[in-house]
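Below you'll find the structures, each written out as structure tokens.
The two complexes that follow have chain A in common; it is paired with chain B in the first and with chain C in the second.
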Partner chain A sequence: MFKILTVCANGMGSSMILQMVLEPIINDMKLKDNVQIECISAGQAAGMISSTDLILCSEQLHGMFDIPEGKVLVTIRNLIDKNEIRGKVHSAITENFPQLLQSGGK
Partner chain B sequence: MQDLREMLTPQTVKLNVEVSDWQEAIRIGGQMLIEVNACTHEYIETIIETVNLIGPYIVIAPGIALPHARPECGAHRLQFSLLTLKTPVNFGVEDLDPVNIVFSMSATNNKDHICSLKRVATLCMDEDTVQRIIEAQTIEDIHQLL
Partner chain C sequence: MGWFAKFFTAFNLIVSEPALLLGLLSVIGMIALRQKWTKVLSSFIKTVIGYLILNAGVSMISTTFTPIVTGIKTVLGVEGYIIEPSMMIPVLMSKGQELLPELMSWASYVMVLALMLNIVYVIFNKYTRIRAIYSSGHIVFLGAIYLTFLVWYYFNLPMWGTIGITALILSLWMSIGSSSNIAITDKVTGGAGFTIAHNQHFLNWLASKLGPLFGDPEKDNIDKINFPGWLSIFSDNVVGVPLVMLLFLGPIIIALGPKVLNFETYSLKYFITWFKTIMQFGVYMVIIFTGVRMFVAELSTSFRGISEKLIPGAVIGIDGMAVAPYAPNAVVGGFIVCGITEILGMLFLILIKSPILIIPGFTPMFFDAAIISVFANKFGGWKAVVVMAIITGLVHIFGNLWMISLQGPLVGASLGMSDWGTVWPTVFSLFKLISPIR
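Showing the complex of A and B:
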């Protein structure tokens, strides 16, 4: 299962909004069955990043947590802009995880 | 559970308010939550402290802020308040400033607010709705959008 984490300061606001906007985008990409999305706080993120493939957070939070090698971070400016999120997530997946799009998931 | 429309009452909506800075905007939005016993004074001060510490994490979209803290910081129950600003103020996010819509939120766990948060996010996704929130003069104008 491909894992996406949405992260914000306390896991209650931005990360949940990102998850809400991202879910239909993942459905549109026909990846619903192969992708799991979870939202958490930056404090919890540290312990979960190792089992995550893609991390999304707002630009304001960039730098609040370490991104280990092999993990891909996507920063979002406008958290409710479907086009921005779709565009950035699509290019991140195409660039870093092309096998996800080809095989329809891991 | 109350929906957003029921939560936005004359006690929790203030329109066209003049503020001098982002701290005052958070305090006025927060004061409405305190007055309906939705959270403590500390909950609101925690939001301001956190912004000072890590930056304006509460600005979610151009012109829109969602002040909130962790439930354990002093949230009593799920509640939203809405404050619109007569003169927009900067929160310190270059691309998203200035802010003129402030939805303050208190939530007691990480589940119960999802439905109303989704409602707020959906409202804010529509440019026309955002414009009507900014121009709203009365609570009826807001209720018409909900």
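Showing the complex of A and C:
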């Protein structure tokens, strides 16, 4: 199970938008594992990092997390920009979890 | 007709349970999107459980909160109101439901109806000039409960009359508000393509108009100022809400005397209990938000899917913090100035022996001020940020006083956010005038 957390201050506004925009993008990527995307507040995310693989949040929150080895943080400027999100998430997965990509994956 | 009447009674029984009603609505939404039965089932369960979690948080908060509000009344002789949306939910679900038992079911209908009306307005945008889809479901949820109660309080109409009027005014505020922020949001984000669907549409718009009078957005851009790094702990509301409560509610609880927490003296044990009591609010807040997040996520998915199918080109209104990356210093600067304004406002009320004590809460002072300040900075630099943050703080204190005078028997908390201290008290002042019963 590949676990993604979308994070914001409240766990409801920005993080929910990120989750909604991310879902179809992840589905399109057809990763070689089940993906679970959850939106949460920054405070609660801190306790869940060990069981998460990828964290997505708004740019100005980047200082909130200590990212351990093997986990990845992706920061986003425009929460509804599919291209920005697809580009950054795809790079993050290609660099850190290449085993998930379909061979010749997009 | 016997079996039909029985079916109807059974159906009625189910839909008057808000958890089940919301579950049913999410199922309808998922089916409309032709989701697999597994997704429909999981959506139903998540919605029901989300609502029950919310219920659990609300009942727990009342046991801690009520003695404090009572204490403020008996010991200090004033009515205390915390301005904090997450505190308004328990007030509505306890006092509100006590007076209007069907409040939560009616509010659920209002929420869905308001979201649907918003979509309808956008479909007919040639006539309505409404172009924004309001997607912040948690705000529609809270607004629906608050407004349903107030509309019922002022007009005492039967179920569908109350629901109809409330859904109408709520959807108009959502749609006009977020549409009015389209152009200025594009200016801030450089054409990112979204707008604000939140609680401060009016002051965002005002910031864009007043900003140029106070400063120059190029020369006075706030991002040229350096802020201390430790302020970033406030970017997390699990830290922010209890911290602000410690600062504002904390001293007030101490002033109520040790008996309010069942102690004889201000011993060390008292202070440990005092600290834990305030931290408990943080706990309940996390529980309440966890619940709301669960069912709002399910309903939002349905609505987003439906609106994308019907009006693919509409501008999406999202949570105001989406503009924070475009001026992160404005977020911090606005928060500080607004916070200071609110402290002074609260002290002013105490000094003039106001019968109502406004206790500032974290959410308005952080989120409202942050978002409004981003707009202020874009149109007038840091000088505009200072001015608008002060105005925002004053609205939080005095706008809320105004709204409190109109919210009838709901005591202990006020919604707080700036549209609810400007636009809505204006609307309800009018309602009060034309109300046949108040």
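By our rule, the second predicted complex is superposed on the first by the 98 of 106 C-alpha atoms of A that agree within 3 Å, B and C clash if a C-alpha of one lies under 4 Å from a C-alpha of the other, contacts with A are read in each partner's own complex, and residues count from 1 in each chain.
One rule holds in what follows: a contact is a pair of C-beta atoms (placed from the backbone, for glycine too) under 8 Å apart; a residue touches a chain by one contact, two chains touch by 3 or more.
Computed from a prediction, not measured in an experiment: that's the story for all the values here.
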> chain A superposed: clash or fit between chain B and chain C?
Replying inline: clash
> Which of the two partners, first being chain B and second being chain C, lies in contact with A:Gln44: first, second, both, or neither?
Replying inline: second
> With both structures placed on chain A, which of the two partners, chain B or chain C, ends up touching more residues of chain A?
Replying inline: C
>> One more residue to check, A:Leu22. First (chain B), second (chain C), both or neither?
In response: neither
>> Under the stated touch criterion, which partner chain does A:Lys82 make contact with: chain B (first), chain C (second), both, or neither?
In response: first
>> Quick check on the superposed pair: does A:Leu31 touch chain B, chain C, both, or neither? Answer first, second, both or neither.
In response: neither
> Just one of 127-135, 217-225, 271-279 or 343-351 in chain C runs into chain B once the structures are overlaid; which is it?
Replying inline: 127-135
> In the superposed view, which residues of chain A touch chain B and also chain C?
Replying inline: 8-14, 16-17, 20, 41, 58-61, 64, 77-81
> For chain C, which residues are in contact with chain A within the complex?
Replying inline: 135-138, 189, 192-194, 198, 229, 232, 235-240, 286, 289-290, 292-293, 296-297, 300-301, 304, 316, 318-322, 324-326, 328, 331, 366-367
> So in the complex, which bits of chain A are touching chain B?
Replying inline: 8-14, 16-17, 20-21, 41, 58-61, 64, 77-82
> Given the complex with chain C, which residues does chain A contribute to the contact?
Replying inline: 8-14, 16-17, 19-20, 39-44, 58-61, 63-64, 76-81
>> Taking the touch rule as given, give the residues of chain B at its contact with chain A in the complex, in rising order.
In response: 50, 54-62, 66, 68-71, 93, 95-96, 105, 107, 110, 113-114, 117-118, 121, 124-125
